[in-house]
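Below: the structure, in structure tokens.
Order as written gives the chain letters A, B, C and D; numbering starts at 1 within each chain.
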Amino acid sequence: MTFNKKSRKISMPKEVTDLGIGNKVLDSDQRIVTKDGKFNIERRGISFFKSFSIYHYLISISWLKFCSLILLVYLLVNIFFAFLYLAGGVENFEGIETNNTFDRFVNEFFFSTQTFTTVGYGRINPVGVYSNIISSIESLTGLLSLALATGLLYGRFSRPVAKIIYSDNAIIAPFNGVNAFQFRIANMKNDHDMIDVETEVILSKEVNNLRKFFNLKLEYRKINFFNASWTINHIINEESPVYGLSEKDLKDSDCEFLILIKGYDNTFAQYVNSRYSYRYDELIWGARFTNIYGRSEDGRGMIELDKISLIEKAELN
Amino acid sequence: MTFNKKSRKISMPKEVTDLGIGNKVLDSDQRIVTKDGKFNIERRGISFFKSFSIYHYLISISWLKFCSLILLVYLLVNIFFAFLYLAGGVENFEGIETNNTFDRFVNEFFFSTQTFTTVGYGRINPVGVYSNIISSIESLTGLLSLALATGLLYGRFSRPVAKIIYSDNAIIAPFNGVNAFQFRIANMKNDHDMIDVETEVILSKEVNNLRKFFNLKLEYRKINFFNASWTINHIINEESPVYGLSEKDLKDSDCEFLILIKGYDNTFAQYVNSRYSYRYDELIWGARFTNIYGRSEDGRGMIELDKISLIEKAELN
Amino acid sequence: MTFNKKSRKISMPKEVTDLGIGNKVLDSDQRIVTKDGKFNIERRGISFFKSFSIYHYLISISWLKFCSLILLVYLLVNIFFAFLYLAGGVENFEGIETNNTFDRFVNEFFFSTQTFTTVGYGRINPVGVYSNIISSIESLTGLLSLALATGLLYGRFSRPVAKIIYSDNAIIAPFNGVNAFQFRIANMKNDHDMIDVETEVILSKEVNNLRKFFNLKLEYRKINFFNASWTINHIINEESPVYGLSEKDLKDSDCEFLILIKGYDNTFAQYVNSRYSYRYDELIWGARFTNIYGRSEDGRGMIELDKISLIEKAELN
Amino acid sequence: MTFNKKSRKISMPKEVTDLGIGNKVLDSDQRIVTKDGKFNIERRGISFFKSFSIYHYLISISWLKFCSLILLVYLLVNIFFAFLYLAGGVENFEGIETNNTFDRFVNEFFFSTQTFTTVGYGRINPVGVYSNIISSIESLTGLLSLALATGLLYGRFSRPVAKIIYSDNAIIAPFNGVNAFQFRIANMKNDHDMIDVETEVILSKEVNNLRKFFNLKLEYRKINFFNASWTINHIINEESPVYGLSEKDLKDSDCEFLILIKGYDNTFAQYVNSRYSYRYDELIWGARFTNIYGRSEDGRGMIELDKISLIEKAELN
């Protein structure tokens, strides 16, 4: 924070040498970070079983898929046990008075559901050793499945996810006599206010057929509260790696601005983070974000979150 | 921490430009942070379903509401299944010997409760395929509901919430030859001692019809232990944004002191935080907090937490 | 870390003005921090219900108490429901063939246990509307109790607690030509290795009939790994608040060394901390901790944790 | 960060005096950190019960062991209760029509499983006070076991573990005109991307028959994202404790490079860490890591994780 340090920065904008995604140039229609915040990189050479985590999969799929999967497993487990019971012979059960195989299967399927869920009405019940062994295993399986489902449901609900909305475009805006790179974010959830929110912006730029990465210095890297919205602001002065570049320069060097936002979510009581990126073609030159704060009818503060992407024309410096 | 740095601060108290709640002036009867620590800001333009999180709602409502909701859902689910069973015809069940529709409904309602809770006495039990299918779905629903309830109850109990009591008023007190802005907090819970507790105080002040925000420098920003009480102290010297302001000045500029307290709660083993605010009209000029520490009869330390707000008159400097 | 700063420290050892436990002098037989790490301070003036947290109580009591409590609740709940069933009259149940009140109570008590645990054998089962309503409420209660118990058991097991053993005494040991205040800690659990462990030592000392608190500077405040043992070392040079004090001085000023240890436990995947204190009479002058590291028979490293408190005489400087 | 500080470092590389594992020299065939990241140290003098944590054991054993253990406990519990029921006499049960002790035992074993899992078919059911008491205790035990199993299964799944793959060897590579100590890591799991990943490398070296520990300064200690791979780089300049040492020197002083990697795992939403070590004989002199990044057929980035250990010869400086 002394003069010396700053002057060093001017002559050499800070480069991040290893972002862990290589320096190969991508096709110009490919982005580094996808719109849902994932690195657009293909991982090869590692087996599915080693790289796949079933727990993570089950807590991150949609509710529809999750419920369908539960129903499917329930169906398959009961069909499996019904066949086992069928194999045991009719004398193994009290309450099944038919010798027709299909009827027996239906009865044993429902007996299986009654055992698996431990509802155990008891009209049909096992009398032989074989059916008793199978049903004692099935009821244990049922309980353990319940234990698993409990953990998965809790995992799904308590998984901390930052619900941050990004403005559709980043902009180049006039700011204090120079220009600035800006984008705006909003907190989607009503009660999930966040504290200690930090932002990092990294510029990816093609130089001599290699991708290079540069940290952008922000006016404010961190805010105490993130309740409604925040406009992140990088001032384009001599220190900035985009200083002096034109719209065409950004396009030619395939520029992409990578965003990482971290913060502490009060509801989840955990740190959450969110990633995003803006490519050169999602950048609007000569604009300003429209004010979305106002006063409601009763004199309180008010914010219009649907206008997060609203911009108005502005003359660049 | 050198002289230069300090002198720069004197000429320009640190302003926080973007607190994420805009710069619009509010009605003078509106506060920025409500007494329960929420930002007093209305969020518009985002649909209910996107901004509402059901899990958060269910773990934060009162126990009375939560239990009533459970009972209501239990009632509705069983009425729903009772109608489904009713639709199946009387021959679908063993143990229901009536043809009276109301009596059948009552019987099937209780059969439904026995299935949903998996108690399954079995006097009434399904014999038809239709009733067996419905009841096998209901018992699964029951188990999944139990799984959900388990997660919600655990979520409710283990949700870390800072139980901090604030003094009713902040005060302007004489301190070391100058004056100071002070307020006092106490830890409400007996066994929830906290460590590494940090406080931030931000002053909101109306300047030229715009709200501005200033960080107040505290004598101690952080304490190691927060077992009983802590008096937070901002010394009003030349660096302070309230330096030289009178009671009337604070009123005219609609001053509000926003408080954020963070710390690590040993019982929850998680970081918790608490927000509060004092407005100009909750500020008492010329007072001192009464000592609430003493020695108990057996020579131990003692603190009287009900006297947290107790003050005594003091001459200002 | 410049010469100036150090020289300032020499003239004025850093005092912590507000530890949140007041400055009143305690009886000389009272300590500030008890041997189980709690502040020895009585909290008054706050109602039991506001300051008590039932969840915390239930996850921190001993297993014996916890299990006894569960059994007691189970007994009381079933007695309560048995009385309710008794009130309903004998015609409300199938399977109870007696009119003797005591026999009916016994039968209904066991029916209640079968309903609460949802085992529901069904020999005794409700036939009346009254008994059906009560039993449908009881089985729901049973399920919710199971949900609660699940959360409590998980809470008990996953509650992160630092299992740190402290040496019985702190010592004043010769060190690099001067003397040092030292104590030794060990990690009790085999697999709970900790990382990023930090220690703070605060000296409480009576000055002019007021307790004052001073931070002690440590040779190493933080270590990367805490696998086996660590000797914490405060060098008593001119900067130290105990510099030049004799054994009698410490006694006369009722000195107590408060210890706070924090770290990240790999097994719990959470931050844990531990508090302790040494009073002047737990301090041994002129000693050195015996080395407890060695080489096992197979050439591996070895540590003898039972010798953590072992010291040997040493001449002070 | 001034010239003075650096120059001091040159003359005296930073030594870590107490790593908490002693300074005794180990056998040359023993390593300090084993390949699965544990300290190779024997802990003696503390009783099994104090140092063992059952919860940790149960969530860290393999799934096969865990499931076998559950089955075994299930079997033993039911045998235990079957004997208790057997002791009660045949008149205690309805539905057991045999007087043959073995047949009664079999029947009561299955009755026990039906009670423990709360399936409770009810064909066999307790009619005596004795059998009712035992079965009401067993069904409670069953529920509490379910509660326990739920917690354990959740604990097993949600336990955050860093899945980091290390290159088989560390290398000495030419780098910017000097040489460097390097190793490469990769993130094994597809969706477990990590942020804020930090690395520490400590060199253990035998000096005058004592083990000494030195921190190695890294080119980058911390990276923002750890999605695919990262090459950690220690430049061997005059400040480095390995500066000027030959392959034979490292061998003679039994050098071992201890690695600690920490980061925030987005899926677990928790901090995870991983330990590893490279001994002198796992170090390859004069090599360079082969580039494993490329462009996939569709122009996206691509990484070949199976080639993490791939190196090519390189001339050292």
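Going forward, a residue touches a chain if its C-beta (ideal position, glycine included) is under 8 Å from a C-beta of that chain, and two chains touch if they have at least 3 such contacts.
Not measured: the values here are computed from a predicted model.
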More contacting C-beta pairs: B-D or A-D? The answer is A-D
Mapping chain C onto chain D via their CA atoms needs a rotation, nearest 5 degrees, of 90
Per the C-alpha centroid definition, the whole-Å distance linking chain A and chain D comes out as 26
Expressed in whole Å, how far the mean CA point of chain B lies from that of chain D is 36
Expected list for chain D, residues touching two or more other chains, is 114, 118-122, 146, 150, 152, 154, 270
Among line, ring, star, complete and other, the chain touch graph is complete
In the complex, chain D touches chain C at residues 16-27, 29-30, 32, 38-46, 50-53, 55-57, 60, 94, 114-115, 118-122, 125-127, 129, 132, 135-136, 139-140, 142-144, 146-148, 150-152, 154-155, 159-160, 200, 202, 260, 262, 268, 270-273
Counting only contacts in the complex, chain D reaches chain A at residues 70-71, 74, 78, 106, 110, 113-114, 117-123, 146, 149-150, 152-154, 157-158, 188-193, 195-196, 219-220, 223-231, 264, 266-267, 269-270, 291, 293-296, 298-307
Contacts from chain B onto chain D in the complex sit at residues 118, 120-122, 150
